[in-house]
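Okay, so subunit A shows up in both of these, paired with subunit B first and subunit C after.
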Partner chain A sequence: MRKTLMATLLLAGGVAVALRAPAPVPRADFTYINRGSFNTLDPGQMNYHQDIMVAMALWEGLTSPVPGTLEAGPGTAAPPFEVDADRRRYVFSLRPDARWSNGDPVTAADFVRGWRRAIEPGTADVYSELIAAHIEGARAYVNWRGEAVSVLSLVRQLQKGSPLDRKSAATALRTAAGAALLARLGFEPVEGGPDAAGGALDRLRSAPVDWERLGDELLDEHAAEMDRRFAQVGVRVLDPRTLEVRLARPAAYFLDLTWFPIYYPVHESIELLRERYKGRLLADTGIVAYDPQWTKPDYRRRGYPGLITNGPYRLTDWVFKQRLRMERNPHYWNAAAVRSATIESIDVEYQNSAWMLFEQGYADMMSDLAMDYTPELVRAVRRGLRDDVHAIPAFGTYYYELNARPVLWDGRPNPVADARVRRALALAVDRQQLVDHIVRLDNPVSATLVPPGQIPGYRSPPGLRRDPDRARSLLAEAGYPGGAGLAPIEILYNTGFRHEDAAQAIKRMWETELGVRVELVGRETKAFAEDKARGRFIVARSGWFGDYLDPTTFLDMLYSTNGHNFPGLRDARYDGLLDAAAVEPDPTRRLALLSEAEGYLLEGPAVILPLYTYVSVYAWKPNVRGLTPNPRMTFPFQYIYVEKR
Partner chain B sequence: MPEVVAERSVLPPASPWRRSLLRFRRNRTAMAGLAFLAVLSALMLATLPWTLAGYDAQVLSLGRTPPSWSHWCGCDTLGRDLLQRCLFGGLISFAVGLGAALLSVTVGVLYGAVAALAGGRVDNAMMRFVDILYGLPYILLVILMKVAFERPMTGLIGHKPAANVVILVAAIGSVSWLTMARVIRGQVLSLREMPFVEAARAAGAGPLGILGRHLLPNLVGPIVVYATLAVPQAILQESFLSFLGIGVARPVPTWGVLAAEGVAAINTVVSFWWMLLFPCLFLGTALLALNFVGDGLRDAFDPKSS
Partner chain C sequence: MRHLAGRVFLMIPVLWAIYTVTFLMVVAVPGNPFQQADRQMPEAVQRALEARYDMDDNWAYYWQYLWGVLHLDFGPSFQYRDWTCTQIIADALPVSVLLGVSAVALAVAVGVPVGVVSAVRRNGLFDIAGLTLALIGVSLPTFVTGTALLLLFAVGLGWAPVAGWGTLAHLPLPAVTLALPFAAYIARLTRLGMLDVLAGDYIRTARAKGLSPARVIWRHALKNAFLPVLSFLGPALAQAMTGSFVVEKLFNVPGLGQHFVNSVLNLDRGLIMGTVLVYSTLLVVMNLAVDLLYTAVDPRVRVADA
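So, the complex of A and B:
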């Protein structure tokens, strides 16, 4: 009897130990739910708003954004900043008390490391352009490195005997580095079309060369020149606390860029995780590579201490697609002003579940609401029934793109190839109806791509406002009176998120006002994105949020060589206006040129049909303080706190 | 009048078809279902001119208005009359469901019966082909058919939404006949060894005669059961494909599409219930009626029942 009791007790005890839950972490001082989960915490590779927001809490650039206006305020460098008369040279003095989360002082070299990392092939990403386009010599360095890496990759492929991508191999051989390689092996340089490059490739493949030795030699020669080349990039350490920056051209908004993650410093401990090749600090293809786990707080390979940051917070826990937690960085120079000691972000996959968690008080804030009933929530606020949902006009535009190519992807003639037809379509749309009855978030209607009234000093052009009579006469002028003879116009959109309703309403507007035939093509999101990127559309739905407070963040998309130029616009006048603005030193005249460019874009080629300005809907509890709404919905976390009742 | 019914039942008509018809007519639920389907179809056809003009007539300011005397079923998000959309969408759903079911039943029955009657290598080859098609995901086949036939069919018909529906019927019908073919083959294999078939063969009936006069009446049960299942299945498949963007293109409504839109209008804050209720009411009652009719037909055509 006693034995049985003992055994039972032991078993129960064992089960209890086994089932014991980990000690619950107390709720953070401020908890919020993101629209999407975090993708990366590498400041050089961030694209998503939620990542950038968290990076702003963990790191600090030369400046940091002033809450609300997002102007460049005091950051790791203390104002006033020394600016030369030509506004192309800046000198930043770092604060003596600026420290990393392990207590090390933040140095000018940390900034050079971060910026260099942000443009190096292998660690660069889409936002690298913000450095390459603005810092003197950065573009040349990026191109030089890119060519060398492409040639080295080709050599390594030949070494391993792996199948070659002929197109990229041919491109590599046509570069200066490629020509040098061919000359070194005694081959003719590649001239002419892809066939000639193909011939050179075949000769290379059959050449009796020790590719591994050649590759290593090339790598060493390249590595020896790398630092000399980088010295020509306009960022220089004058002394450990002083950084000199030279710009490619004056940019009025440059200081605003310096609080963006791509311009953040990186702690030297990352070098412990640099991938090596036979003792060299470069990979065999010449790229600079790091162990991607360096952004984890508890990663300990090769003596790495875990992620070290210099911002108001330091990372304590990050479980991918579950939660991210940070605590106040005691070494932050302004730690006394950091309001909440701990901040936690929880990932919830479904918007409905997220909303219920918020309603039940498990989170203090929910970002970017996108439920079907969001308009109803906003309406409830307007009627005074609730006070925790906020609709904020965003720095982003919802628009349609119209294909400018004469022939469609499948060989059909493009019905909207004539600019007059595109203009007619723009003039026939009733934006107010769309906003009032479909989007229903009181979005400002917008006839321009750059959201009007948000960039100081920028005067938005009028654009094509509703004028059905003019639309009809333009259509007749183009040879399609009353829409007769015009092939059906297809609207491509991604299914869900109310895009369907907007497309149906616009279809009806075009049909009733112009007599044209319109067909709707709904696609699942991934297929839609692919179709749009490859120009497989006549009219396609689109949306864009500006990254920095300058019209070029929108207008550059339609430059003929830009990767986002989905309508395929090739317009010398538009490109010329953007080029002129890029070299214009006077900020006022520059903005005037950009305004002229936008006006021409909308009323001339008319490949962009702006519909309305986005509205971001956020929810936060009434006792949340220090949260400063703004069009870019960028608010520094260090000012946010929950008022205890 | 019980006397009349009793009188008729003592004098059964000679033809098995007429006997079946009589049995079907005595089945109250089946007749009610048939009557409902007939009334609904007549209503949808009679109102076609009105619904065709109105199914995409948007009055944006009427968006999400609840049912009223001027709009009996309320309005959808774009201010279109939901009754008109339900009636017109019902026609499309019926067309897709019946068309696809008819196609799959015809192909399946003929294929299965031919395979079973031919036997041997032909049967083997034909059924392996069915196995191969079974192995391919049906979505893939539907997409391939759409890609291959969309342009030529649009050119042939000259009206893209109509061509769209035709291709959808063909695509759904041509991927859902496989089960039918297998079932029918199995049935025919066992039936053809039955004494009455052997008797017919001994009496000099050809394979076509045996198929038409002796096998098909015995196959009516499984065919009807399968067909009644195939109609709602095709309707559901259509709405799934529409959601993926490869079904019927907006703004042409179907019950599936309307129900999907209705689900999106239901939430914890404000629910526009009529957008879900009415399409589902139409869809549900029509499917119920179809099932009643199917049951009745099966009972009526069962050769073993007296």
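So, the complex of A and C:
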């Protein structure tokens, strides 16, 4: 008994030790509850809204967004910017007082470092496309690097004797770099499919080659050429404070892109954390890699000083999935205009707990309310019962994608392969009913992919509005009167988030209006994303939020070669209209061309079935000032403060 | 002593087997670990990254990762790129341990006296009330009891913060929520054990000797009646430390449970391996500790072992 007692006492002692109370941190001037934990603070790799919002407080691009309109306003570079007559060359002069949080001046080279990092294989992520697509020579550089990486990876696999994936090895060998490798070893170039490459692979595997030495040689040759190639990319240091940027083609919205995180500068201290292979600045496969912990304020490996940023705030504390705290950056050029000295974001995984914390006053703002009772809160606001919840139409559309391929992934004929069937499905949908009874957040219904009325100067086409009679006659015209003879239509959706309720409602509409059979296929998020990306669906749920205020942020997705063209649309007329708009110098005519493209997309191929415009539901206390709601819910933190009562 | 060494030695193949089985499942599960957070990665870069982590060769990856695990290096998190799995686990494990230990300590502190009194006043009002409460405690899911406690003490009375972690005030609500089912079970175990023991000859002897009833009950009877509770404590501790996912979520406690569940949803290999291994080690160690404690408390086990 005494021993048991002793063990209990020991346990109690352990509890007491573990509970040693940490020094309480005073509440930040502005505290908000994040909609989800941060995925990364690397501005070159982030693609979640919560990450981007914090990055905008920590860093600053050449420009920074004007609150509300999000137009490009003064940033690290001081306007006016020098723009050539062909609108393809920009010259930016950096402010003399633009400084990093450690006091170093921000230089043009810091921008080149950031942009280059953002497109290098290994550090590039989704948004690298915003650089690759717009900066002259960037695409060519990325492709050249990618080919080299694929060949170097193959050589390293041969070196280690790892099992080889024939398909990717064949792809690697068919590139210019692959052909050069084969020629160097005295082999024939690879032609034909994976089988032909298989033969080449077998020969490579049995060749008496010192793969490690060869790999190192290839890496050295590649590294030697890298900088020469990068010099072709349209971003150049004219002098430490002057940056020249050349575009691949004129882009009306280019300046708006320059406040986006992918275009941020990166401080030179990151080079301390660059990973090396035998002294070289590249990994053995040719990719660029950094110690991913460079974004921590207190990371001190190899003399690294911790994260250094150039924005209104600097990062002082970041505890995984708990909290992130920022403090006014004393070296920021406009530090006097920064309202709140400290900002804290707290992570709350469970929505109900988050709402209770907000209600109890632990936070001044909560983003993206998604509780079951959110619609009731929105209703209460409309009835004047509360004033702290805000439903703001977003720059995003909820829609269904319809597969355009004649045959499905598993060999079945595609029931919606005929554009008339797809148009009939679009015409049979009652969007208002969906919004009123399922979503219930007063979402504006939308028959267009680009949210109507949000882009100045852009006139949305009508799209296919509800017309059940025309839907039925189109279906009959396609050979399925009353839905007879049409194979079941499957709706693929990701489980959760009430997507199933929406799919049920659509199913009922299609079944009653058209007599077609509809089946629901719910998949877990990852599997859903994979299925959609590989075109394994007939009809799939989708949603898209625009990144910059231009129709192309939506319309480019359906371009034949775009990575987001999940319906597999290959339409020369649509591509042609987008191409024409891309080179159209007159902004009005350009937007008219894009409107024509969207109208054709929705009413012609009809692979996109828009349903409604998303609504962002945010809550903030009535004494919060300087928070500027807008469709993208992007508001710079430096203007926000809590009015003391 | 030899027994102890044998038991400790046996942990190695057990943990290795767990490592192997988890590894096989992680590798076999469909889905691409690099395709995280809506990342679209060119195939060439993905192959290069796989080569970097030896993931292009599962056999090499198995040994390389095991070597890392032996050095407490669970590799990078593919979902949360700015963190290593070891950091994430090192941050979360103490939280889960503290919460679990507090809950079980609380459960013992409440469950044992309730069990004893119920047994002594068998079929009395206290016994029936205790049994009913215990039944409720065992059967109510923690998200119901937790929400009720949250609404009452945090929202209604404002005695405790709604959610979060970091100060003493954050501990009671989640600990109580987590403790309830354990307390109920311990009360029932103690009651049963006491009933069994109280009928024993040595208790009658003790009473006949003229010992005070309190001394008989709390010293002589409880010592033996506590044994089943003791053997339950091992799995209970492990379960409280590892099974607190719901409580963590409800009270926003940054423990290991959420990472365990999320890592699977995210196919975050390092974090799956790390959490599974940490949990299994906890379970194995706890069971071993209780067995040893049992030997120390109950002489009969020692004799049998010798």
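Criterion: the second predicted complex is superposed on the first by the 625 of 645 C-alpha atoms of A that agree within 3 Å, B and C clash if a C-alpha of one lies under 4 Å from a C-alpha of the other, contacts with A are read in each partner's own complex, and residues count from 1 in each chain.
Here is the rule we go by: a contact is a pair of C-beta atoms (placed from the backbone, for glycine too) under 8 Å apart; a residue touches a chain by one contact, two chains touch by 3 or more.
In this text, all values refer to a predicted model and were calculated from it rather than measured experimentally.
**Student:** Sharing subunit A, do subunit B and subunit C clash or fit in the superposition?
**Tutor:** Fit - subunit B and subunit C, as placed by superposing on subunit A, sit side by side.
**Student:** Between subunit B (first) and subunit C (second), which does A:A503 come into contact with in this model arrangement: first, second, both, or neither?
**Tutor:** The first partner, subunit B, only.
**Student:** Quick one: subunit B or subunit C, who's touching more of subunit A?
**Tutor:** Between subunit B and subunit C, the winner on subunit A residue contacts is C.
**Student:** A:V439 contacts which: subunit B (first), subunit C (second), both, neither?
**Tutor:** In the superposed model, A:V439 contacts neither subunit B nor subunit C.
**Student:** Counting only touches as set out at the top, which of subunit B and subunit C does A:V288 meet: first, second, both, neither?
**Tutor:** The answer is neither, since A:V288 touches no partner chain.
**Student:** If we overlay the two complexes on their shared chain A, which of subunit B and subunit C does A:A527 touch? Say first, second, both or neither.
**Tutor:** both
**Student:** Is A:M371 touching anything from subunit B or subunit C once the two structures are fitted on A? First, second, both or neither.
**Tutor:** A:M371 sits against subunit B, while subunit C stays out of touch.
**Student:** In the overlay, answer first, second, both or neither for which of subunit B and subunit C A:A138 touches.
**Tutor:** neither
**Student:** Regarding the shared-chain residue A:E519, is it in contact with subunit B (first), subunit C (second), both, or neither?
**Tutor:** Only subunit B; A:E519 stays clear of subunit C.
**Student:** Should A:E147 be classified as contacting the first partner (subunit B), the second (subunit C), both, or neither?
**Tutor:** Only subunit C; A:E147 stays clear of subunit B.
**Student:** On the combined arrangement from the superposition, state the nearest Cα-Cα distance between subunit B and subunit C in Å.
**Tutor:** After superposing on chain A, subunit B and subunit C come no closer than 10 Å at C-alpha.
**Student:** Of all the subunit A residues, which ones make contact with subunit B and with subunit C?
**Tutor:** Overlap of subunit B and subunit C footprints on subunit A: residues 352, 356, 524, 527.
**Student:** Flag every residue of subunit A that touches subunit C in the complex, lowest number first.
**Tutor:** Counting only subunit A, the residues touching subunit C are 1, 3-4, 7-8, 11-12, 14-15, 18-19, 21-22, 24, 37, 39-42, 45, 47-48, 121-122, 124-126, 146-147, 149-150, 152-154, 156-157, 160-163, 165, 168, 171-172, 283-287, 289, 292-293, 295-296, 319-322, 346-350, 352-354, 356-357, 359-360, 362, 524-527, 529-530, 533, 563.
**Student:** Within their complex, state which residues of subunit C touch subunit A.
**Tutor:** Result: residues 30-32, 35, 37-40, 42-45, 47-49, 51-52, 56-57, 60, 76, 79-84, 87-88, 91, 94, 97-98, 101-102, 105, 108, 147, 150, 154-155, 158, 161-168, 171, 219, 222-223, 226, 230, 249-252, 254, 258, 265-267, 293, 296-297 of subunit C touch subunit A.
**Student:** Tell me, which parts of subunit B touch subunit A in their complex?
**Tutor:** Residues of subunit B touching subunit A: 56, 58, 60-61, 63, 77-79, 160-161, 243-245, 249-251, 264-265, 267-270.
**Student:** Taking the complex as given, what residues does subunit A use to touch subunit B?
**Tutor:** The touching residues are 352, 355-356, 371-373, 376-377, 380, 433-434, 436-438, 488, 495, 500-501, 503-505, 507-508, 519-524, 527.
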